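Take a look at the structures below.
Look at the two complexes coming up: subunit A is in both, with subunit B in one and subunit C in the other.
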Partner chain A sequence: MTKELGNTGLLVIELMKTIKKYFKMYFLLVKYAAAADLTYWQNLSIGLLVEIFYQVAFLAFFAVIFFQTKSIAGWGPFEIIVLLGIDTFTSELLVGMILVNNTRELPNKIWSGELDRNLLTPVNPIFILTFGRPYFPSFISALPGFFLIWYGLVKLGVRLTVIGLAGSMLFFILGFILIVNMVLDFSLLTFFFQDTQTLPKIGERIAFSFTSRPDDMFGGFLKVLFFFLLPVVYVSSFSAKALITGIDWKYLCLAVLLTLISLIFTKWLWQKAIKNYSSASS
Partner chain B sequence: MENNHVIEAIDLSKTYLIRKKEQGIVGSIKALLKNKFNEKEAVKNISFTIDPGEMIGFIGPNGAGKTTVLKMLSGILFPTSGKVKVLGFNPSDRKSGFLKKISLVMGQKNQLIWDLPPIDTFHLNKEIYEINDDEFDKNLKELIRIFEIGDILDQQVRQLSLGQRMKCELVASLLHHPEILFLDEPTIGLDIIIQKKIRQFLKIVNREMKTTIILTSHYMDDVKEIAERVIVINQGSIIFDDALKSLSKRFANYKMVYLTLNKEVPKNILSKFGHIIKYEYPEMVFKVSPEKVAETTFFVLKNLDVDDININEPELEDIVRALFDK
Partner chain C sequence: MGKYLALVKNFFSSAIIKQADIFGNILINIIQIWAVVLIWQTVYSPRLSFGGFTLTDTILYYVVILLITFATYTNTADYISQNIKMGTLSQWLLRPTSILLTELARSLGEQLYKLLILVPIYIIVFLTVYFLRIKTNISILGIVLGGFFMIVGFLLNCLFEYTLSILAFWMDEVWSIKHFKEVVTDLLGGKRAPLAFFPVIIQNINKFLPFQFIYFIPAEYMLGKHTVRNFVGDMSLLLLWLMFFIAVSKILYDQGIRKYGAFGN
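Entry: the complex of A and B
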């Protein structure tokens, strides 16, 4: 009994150490990405401008829609603004943490042999492939998201509660993990289909096109698709709802379950992929 | 099993399955479904053992299978068959305990962060390999001394020369004091002087840090200067595995005669003495068996108008080339 407890204790300490190691590593990676980008501040400013342009264009698109109609799938303009604020985070963090230099680059890494090196560092290779090279400008351009959320909430007259905030963050984190796994899974298919840059892009497209949509828009087959198979609705839509109207516990449980499944699936896919891997000939 | 080898390979083979390439994503889906493969036997049933502290050169022509062997030893590739143990581990499991004890450097492939000074990569490796502060400081200091990179630590990697980058690359891969260092063509593309330097550094690393070093190359110079033992590999098989010295003893049963002529002669005039390797007037090179050297020299001096004559041991380069040609 005491021995059992001792083991669990050790395990927890081990786990904490590992988590600390990865956080420390990630902090360094972001710091270096920032430093590298700052040496090319022209690039940084252009990158920022591009990201902000996207956001403005996107907002304008919704503004146009609200000229025509009072609500989208039951969501009024200020609810949509909260949603878009959260989605600014989602998409910018997705771009900055995952896409630009990582999952999108997987085919190149396989082709160039860089993956070999990743495999030989004593760090989880999935971590490196997913987070190894952050793209810094997106971390900055995620920030206006705060303003949108704040503005939307004020206009709606919502009073934030600790529970609502916690629920929203939980939805965001789970939803984000789900999206990352989805994007990563599409990238991993590169191992089986070799050529093309297409596969990583498919995952990205799905993420970008649908995370910003209110979940109530989807019914029938689309509901099955975007709630279960390509679970894009949790990260922005459900975390917005958690802030505005409260936590939907049923879907929170579902999100937890799906997250577990997707983590397991990704791991399985990775193992298949790497078994198939024959390195680049050099 | 009594075992103080750091590496033990038994009947190791690697066959690449090359999926027949078709254009586009539809094509590749088709290819995937059809499961059509070409096979390429890159490494065939090789066996060898390596002891701690050894410095070994794997040599062989392009496509011989050197890189494939290193990839199996370091754990990048699963062997198709056979057994391999490195430091008691099965490399392709890629256990972190194993990965922390080895390093692989591939010439021209960079691990340094391109836009930042090398010192930043070193710090990142500190986290990756979980090196504690004292050890890191000690190792870094030692390596800066050995590789003479004190003055370039803070320069952006992209501004360094190829040679400087290779030095930093090696430092980055040695910070965690690996027990085995695998080097795949480490001097490729470097100029002669830097090549020489790198070899000297590696010798120091081997001597002072007791690192087992296994290097592949198709430059004989690499091997000649640093490896005490060579493994010659050709078309996936080991054709020689012994001390460097016995390579020439075993295979070089001839001498090289270098002539500079004053007057052109027919090519076949010396063919009864030995095999002509090169004849581009006024230079002529041919090999003769040791017992015919005197006779040949006599004939040459008597019958040809020579400006210069030299008789030498064959170059290792030539020995190896002769081996491959068989």
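Entry: the complex of A and C
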């Protein structure tokens, strides 16, 4: 028993060391991306402006809805603003960390054989394919999301508690991992259907379209779909609820369980995908 | 004319190779539209109509918008601005064809394949609406007029993007302007929500702008909300905007081509 506990302890320590190593690596990647983008600051400024235009248009759509109604599935306008603030932060992080230079490029990498280089590096290839080239402007354009969250909370008169904040962050982290796994799963299907460029975009379209919706909108089959199969509700909706009304412990436990399942599933899918890969040279 | 028809045929043939991508793009747009319809279904629960649109009208609006999105889509701004930036526009200048008409032929060739897939689906959709006796103002004349405005809306969108692409003679990147145009067009063109849902002041200003002709006006005719009585007014304004973009693009092109050095970067 002591030996087993000791082994488990060693495993946990190894895991923590690995996570720390990859965090350091990612920080360096972001630093280099920032340095490259800041060299051409005009392009960076324009990129930021474009991201902000998209955010404004997104908010304008909800303004049009609230011009016609007082609530969406019981969520008032300021609750929705908190939700949209978290969603803005999520979407921009998703774009910057994973989508733009990474999963979207996977079909081209498979087709051109550039993937071979990624597979030969002494780093976990999933890490390289998912996080290898950050898109720095999105990290900056994620910041307005905090303003929206703050504004919504002030208007609602909500007093933040430590537990609420911790719960919200936990929902956000778990929900973000779920979204990343979902997008990656769709991208990995490219290994099996190599004559299409759009598979990565299907996962990201699901993420962008549904993470901004309050979870109370979904009932019946849609609840099964968006709570379990394509779990998009945890990152923004439950995270916002944790700030506004408090943590829903049932769904927090569910989010933990789903995150573990999705990590195992993505690893399995990756192993199947790489077996199917034959490289451009062959 | 024959040379442009040949170009349309060539680009159509190229588009067929990417059939998996076309189905993928259709699915992506269906997901986007579905997400919007879901939110309106939730909003409509206690109310019967907004801005003259019932829930059925709104759902049909978005179904029709999906078709119009594909029909009016173009990537002219990306295509031409890249050619200017890379210096490969030179090949086009040596051809006995107009750059604008060549680009229209390219866009049309690519769109034709998508429409070949989508039009039969939409015939089934409209027949379903008819046989289920869903209460709407959809009529064959409305569909024909909507189809006509869809084609002219595509032309307008191409001209708009062509005008923007010419800025590449002076700017390193035009993708930001193109994205800005897309954002504004999606919002003020009625892709995100029917223009009838917007505040009256925005509707009144938007009536004179070109964006509505890309999505909203074709949808209004298809749904029977605009009729033959609106045709002359809509067509006149549309023609004015077409002439505006043709004139501006010609002026910009004549200025830009003098500057063009085919250096590439």
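Note that the second predicted complex is superposed on the first by the 268 of 282 C-alpha atoms of A that agree within 3 Å, B and C clash if a C-alpha of one lies under 4 Å from a C-alpha of the other, contacts with A are read in each partner's own complex, and residues count from 1 in each chain.
By our rule, contacts are C-beta pairs under 8 Å (C-beta built on N, C-alpha and C of every residue); 3 or more make two chains touch, one makes a residue touch a chain.
If you're wondering where the values come from, they're calculated on a predicted model, not measured in any experiment.
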### Message
Per the contact definition in the header, classify A:Phe210: touching subunit B only (first), subunit C only (second), both, or neither.
### Response
second
### Message
Once chain A of both complexes is superposed, is A:Ser279 in touch with subunit B (first), subunit C (second), both, or neither?
### Response
first
### Message
For A:Thr198, using the defined touch cut-off, is the partner it touches subunit B, subunit C, both, or neither? Pick first, second, both or neither.
### Response
both
### Query
When the two structures are overlaid on chain A, which partner does A:Gln271 contact: first (subunit B), second (subunit C), both, or neither?
neither
### Task
For A:Thr8, decide between first (touching subunit B), second (touching subunit C), both and neither.
neither
### Task
Considering only touches as defined above, state whether A:Ala35 meets subunit B (first), subunit C (second), both or neither.
first
### Query
Given the touch rule stated above, what does A:Asn108 touch, subunit B (first), subunit C (second), both, or neither?
neither
### Query
Which positions of subunit A sit in both the subunit B and the subunit C interface?
193, 195-196, 198-199
### Query
Of all residues in subunit C, which touch subunit A in the complex?
20-21, 24-25, 27-28, 31-32, 34-35, 38-40, 42-43, 47, 50-51, 172-173, 175-176, 179-180, 183-184, 186-187, 192-193, 197-199
### Query
Which part of subunit B faces subunit A closely enough to touch in the complex?
16-17, 19, 21, 23-25, 28-29, 32, 67, 71, 74-78, 94, 96, 99-100, 102-104, 106, 109, 111, 113-116, 120, 123-124, 127-130, 156, 184
### Message
Considering only the defined contacts, which subunit A positions touch subunit C in the complex?
### Response
43, 46-47, 49-50, 53-54, 56-57, 60-61, 64-65, 67-69, 72-73, 193, 195-199, 201-202, 205-206, 209-210, 213, 217, 222
### Summary
So, in the complex, the side of subunit A touching subunit B is made of residues 21, 24-25, 28-29, 32, 35-36, 39-40, 112-114, 116-117, 119-123, 192-196, 198-199, 275, 277-279, 281-282
